[in-house]
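Common to both upcoming complexes is chain A, partnered first by chain B, then by chain C.
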Partner chain A sequence: MLYARLIVMRLLKAVVVLFLIVIFNFVLIQLAPGDPASILAGEAGATDEEFLRQLRERFGLDQPLYVQLWHYVSGIATLDFGWSYRQGMPVLDLILARLPATLLLTGTAFVLSLVLGIVAGSMAAARVKKPSGSLIMALALIFYATPLFWVALMAVVLFSVYLDWLPAYGMYTVGAGHTGLALMLDVAKHLVLPATTLALFFMAIYTRMTRASMLEASQQDYVKTARAKGLSPRVIQRRHILRNALLPIITLAGLQAGQMVGGAILTETVFAWPGIGRLMFEALQQRDYNLLLGIFFFSAALVIVFNIVTDLVYRLADPRIKEAS
Partner chain B sequence: MNDTTPVLSIRDLTLALPEGADRDYAVEDVSYDVARGEIMCVVGESGSGKSMAANAVMGLLPKGVSASGGEVLFDGQDLLTLDEKQHRQLRGLRIGMIFQEPMTALNPLMRVGAQIAEVFEAHGKYNARERQERALALLDEVGIPQPERAIRAYPFQLSGGQRQRVMIAMALALEPELLIADEPTTALDVTTQAQILELIRNLQRRHGMAVMFITHDFGVVAEIATRVCVMRHGRIVELGTAGEVLDNPQHAYTRALLDAIPSNVVPQSRDAERPAPLLEVKHLHKVFRSRGGLFKPAREVRALDDISFTLAPGETVGIVGESGSGKSTLGRCVVRLEHPDSGSVMLSGIDYSSLKGDTLRRERHRVQMIFQDPYASLNPRHRVGYAIAQGPIANGVPRAQAMRRAEELLELVGLGAVAVDRFPHEFSGGQRQRIGIARALALDPELIVADEAVSALDVSIQAQVLELLDELKRKLSLSLLFITHDLRVAAQICDTIIVMQQGRIVEEGTAQEVFLNPREPYTRQLLDAIPGRAHEPAMA
Partner chain C sequence: MSFFARFAQNRGALVGLLILIAIIGMAILAPFLYPESPWRMVQRPFLAPMEAEGFWLGTDTMGRDVAAGLMHGAWVSLLIGLVSTTVALLIGVPLGAVAGYYGGLVDDGLMRFTEFFQTIPNFALAIVLVAIMQPSVVSIVLAIAIVSWPPVARLVRAEFMSLRHREYVEAARLVGQTNGTIILRQILPNTLSPIIVLASLMVATAILLESALSFLGLGDPNVMSWGYMIGAARTVIRQAWWLSFFPGVAILLTVLALNLVGEGLDDALNPKLVRERS
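The block that comes next holds the complex of A and B.
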């Protein structure tokens, strides 16, 4: 009951925020120099004023700004995100076609980094001041400090070129015509390199945070109480220390989850992954404004959704939150 | 019950501190027994090493501290020779322990019932359902209201006293032969403290346990001890039955500790006539809206309910009450850290509570505050001199001049001018409270609000700080609003005492009237709850 009300309230707020974001993005794009019509005309080699005027008229670019904005906003309200003149397709279709690939990549990376980061962090916390603990932290620091694209390129060189274990790019083997289980395996194989690359950075952050947070939690009085009960170190570590240490991790995981649509541009480009990131990159280069706005909208919506999800998870994890809010 | 075979026998125990500590040994050549059916009180001030032997018994010595001699015999076994796994089998099963801070000693994310059930789980007793049933029975035994609801509660939904009861339930779960209680009532209100002491005494009788009770408070000792061990700097100063030690202390240190307890003798009030008030509080109201906990439905809390009183220049008014009485809110309203819903605070005729902007900035220095926690109220990354000079600098005093003034003030509060360049962590609790006082004085205030300023300090230090406050008050002709939960401390230093309960003034009068002839039942109840009060005549 309490949750239902909370979710409804948050969704109402989200609609307002999204509306403001749409307007803001729209105005921002208008501020960019040059309109799509002149670029289209320029590429077509036409310098004819009349041709430009026709183009503008066809796209509605001759209308006053507020009319264009109204068309755009009312379009979004009916899930019409406009037409991509570059790709010759509706924006929504383009995005929906690319979204699964991106979510597969970023979602895998998300789960991978979260699980491995927490496991590595707990191990490092339990082995503090031991060589094995220091080794984990050193690795985490390296992954944290190394640029993503470099890791990606090196991974390609090592695993694809040199060892030839994994495919270097794409989402599936073109022309192989796999179906069913074979297709899944094929995709999984293609997924390994980009997902790992993308996961490394956040994994490093989770490792460091989990360790710091666990060391702090292990100083708390309730840990002493748990020891006084005669509980085994393993139970204390898991039930008392880790559970309390995970609270700050949730906040960070929420932030990472919010980046799932727009956060993989580099990785998708390096590994030629057919996702939103690359779509956005192309749209940017080609001044495909409708497409760009559409992608912005989707990533903003995802950030908002994951903020709400994070808050709910936080409430489940920490009973004190309900009381305080 | 007169079985005197010791359950625990500590023989020549010496515990070495890590290198670089301020002394070599945490405890040195300590020997004492704890017998079945007795309460052994280990008394000492902070740093006396009173808790260390207990930690050694539990196998919970802090990192770096290790036994370098002696033995700790429990059931014929030397506990110092046990490994962690063997120790773990004793903890919770045969030796139970309660800690000082009920607020932080329970896992905030686990239900109370689950935390009690864990004790059984740790020692492989019973199945899940039996564990819950036993947890429920335990909660009932330690006197928690509505145990069937409390078992599903999270710690934050319980009050401090209830949490301490939960801790006791956990420690008693497997009927240990030895119960170690490390300052179990220090963080509690007097009336709650009295209830918890009563509970421990009853349970001890019922189960015939041996209890090792660690405290800094001789009042508590007088209340429950069978035998007493006084410790100082890691050594035993005096050891004997409660009667011997309290009535006929042999050692000068024990006498000093007993003397430092605020006595029942109230100083004569200084003068009867009252000049025009410096502070005039009129009809203050403040309501906090809370969502409530397990045993209290969502409600509004009246923190201040029509509070009016006056304070003359040079006078000390004590506000006495338990937690939740609104006494701190009152102090915070006076210094304007909190806004009252209605009513006014007049400062020598000016309506201080409605000042704004520049006028407020100009007048603000006149009322300063000393906070309760000397550890948390100083920024650990600022040098002491800067911490004191910060206020004057913010008010436009040139830096060099403010720093010079800080040196003078540190001299004045007895720390010496050299302290300016040191960091707060280099000082003890009492010294930090002196820094807090110097900081309050830096702005040349007329009125100082001291919110539980001595509550976190050891008795002997407490006496020194009270003396300092009294001396400064006279030297600098200050007025003092002294907020405390301790009626006895208030009686020592205050001219007038105001007793607060649930946001209202219950009783108001001179220190003598309130302390010696309380009119209201609540005041009497507070006085009766003071530990060791019955024993007082013999002690003085």
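The block that comes next holds the complex of A and C.
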């Protein structure tokens, strides 16, 4: 019962946020240099005023602003994100075609970074005053400070160019015609470099979070009790500290995951991974503002969905959290 | 213990400070050591490092001196990092202060606004803003500031909420100081140390953001930046990896140094925490 209400509340809030983003997008379109009509006319090599007027009429650009806003909002409410003038396709189709690749990449990177981060962070927490613990934290700091796109490029140089272990570009071998298991293996091979480079930065964040959270949990009374009972440090670390430290990590990780969509723009650009990040780069280069804003809207929507899901998982995992929080 | 002694106790912070001084030195010396524009083509393209005298890092795809670009780029990175952080503070501090001090409906409204900006994916928003405003130093600074102020507002709000009922604040209210005076003269000075620590980390993040934007081709076309150098060399990575390598190391070192300095500042400004941690 509580659950249903919670989900409804969350969805309502999400709708409000998305609505605000739509308005924000509309304002940005107005600010963008040149209206689509003059850009199209310019491409067709036409400077004819009459032709421009016709184009404006066809796309409704001659209407007053509030009418245009209404058309824009109602369009998006019916999943019409407008037309990509450059690619000659509806924006929605372009995005939907690229979405699975991005979900695969960010999903893999999220799981990878979370698992590795928790492992590294708990190792560092167990070795607080030892050099090995400091080494883990130093590495985490370095990964945190390294530009994602640069790691990606260096990974290409090392693993594809010099060692020739892994493919550097695309999602599958072009023209290989793999099917079934072979196709999956092929995609997995192409996924290794982009997912790992994207995961590194987030792994660094999760490592630091896990360590801090575990050190905090280790101050708790129940840990002292466990110690007094004579449990081995390893059991205490795993059963008592890690379990309790995990919950805040999952929430924070869920919030952080939104930034992964941003990171995907960079990794997809470097690795020519055919997702919405790469599409955003193409839209940038072609000054395709409709497409750019469509992707922006979608990435925000992805973040919101993701946050709701982690929030629900969190509540399932920890029944102590009631609606109050 | 003095401020610097506490700072210097953190070895990493000292190393960070040294690196940072070196990079500031690079930025200051750039116009003297390389007085000519870093965009000028000075040698044949694709010179490897040390291949020709005077070009110790080689030349890029257009025959421009990589070392000159690196030195001038230091200036741009530091400038954009500092200015955008300042702008972010100018947005975040007043919002957080007002929300935390007044509470109630004002707080609710301002926090909804902050949450909205936190929900939107940072980097995607920055890209869209720069693309629409057209790439320039001003638009980049604004975009970075717009995506980075929410944590400031949250931090300042939390500090204000914990301080607003302290005795010295009640005393100030009793002697008839206005809300504005109390916010500015009584509470704000007591929130400075966490703000300074956060700001040093924000400069680091801003530099990373700027480099990522320039890498995607959204840099100011008139200034040489590290991100642009990596982006421009991306397509020739197979032939000339060093063109991307050195600017990347420069970004890494700068961001690392700022993070280390931030941790040191945290230790120096919040001495209580140090004892608890160790």
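The rule is short, and it goes like this: the second predicted complex is superposed on the first by the 306 of 325 C-alpha atoms of A that agree within 3 Å, B and C clash if a C-alpha of one lies under 4 Å from a C-alpha of the other, contacts with A are read in each partner's own complex, and residues count from 1 in each chain.
Convention: a contact is a pair of C-beta atoms (placed from the backbone, for glycine too) under 8 Å apart; a residue touches a chain by one contact, two chains touch by 3 or more.
For clarity, every value in this text was computed on a predicted model and none was experimentally measured.
*Asks:* Please work out whether A:139 is in contact with chain B alone, chain C alone, both, or neither, and reply first, second, both or neither.
*Replies:* neither
*Asks:* Mind working out whether A:312 is in touch with chain B, chain C, both or neither, as first, second, both or neither?
*Replies:* neither
*Asks:* Name the contact category of A:229: first (chain B only), second (chain C only), both, or neither.
*Replies:* first
*Asks:* Check whether A:295 is in contact with chain B, with chain C, with both or with neither, and answer first, second, both or neither.
*Replies:* second
*Asks:* Figure out whether A:269 sits in contact with chain B (first) or chain C (second), or with both, or with neither.
*Replies:* The second partner, chain C, only.
*Asks:* Check whether chain B or chain C contacts more residues of chain A in the superposed model.
*Replies:* For chain A, the partner with the higher number of touched residues is C.
*Asks:* Once the structures are superposed on A, label A:304 by its partner contacts, choosing first (chain B), second (chain C), both or neither.
*Replies:* second
*Asks:* Where does A:153 make contact in the superposed view: on chain B (first), on chain C (second), on both, or on neither?
*Replies:* So A:153 only meets chain C here.
*Asks:* Touching A:280 in the superposition: chain B (first), chain C (second), both, neither?
*Replies:* In the superposed model, A:280 contacts chain C only, not chain B.
*Asks:* Name, in rising order, each residue of chain C that touches chain A in their complex.
*Replies:* Per the touch definition, chain C meets chain A at residues 12, 116, 119-125, 127-129, 131-134, 204, 208, 211-212, 215-218, 227, 230-231, 234, 237-238, 241, 244-245, 248, 251-252, 255-256, 259-260.
*Asks:* Taking the complex as given, what residues does chain B use to touch chain A?
*Replies:* For chain B paired with chain A, touching residues are 58, 60, 88-93, 96-97, 99, 101, 104-110, 118-119, 121-123, 154, 156-157, 167, 170-171, 291, 293.
*Asks:* Any idea which chain A residues touch chain B in the complex?
*Replies:* That would be residues 220-222, 224-232, 235, 239-240, 243-244, 317-320, 323 of chain A.
*Asks:* Could you pull out which chain A residues touch chain C in their complex?
*Replies:* Touch list, chain A to chain C: 17, 20-21, 28, 31-33, 138, 141-142, 144-150, 153-154, 156-157, 161, 258-259, 261-263, 265-266, 269-270, 280-281, 284-285, 287, 289, 292-293, 295-296, 299-300, 303-304, 307.
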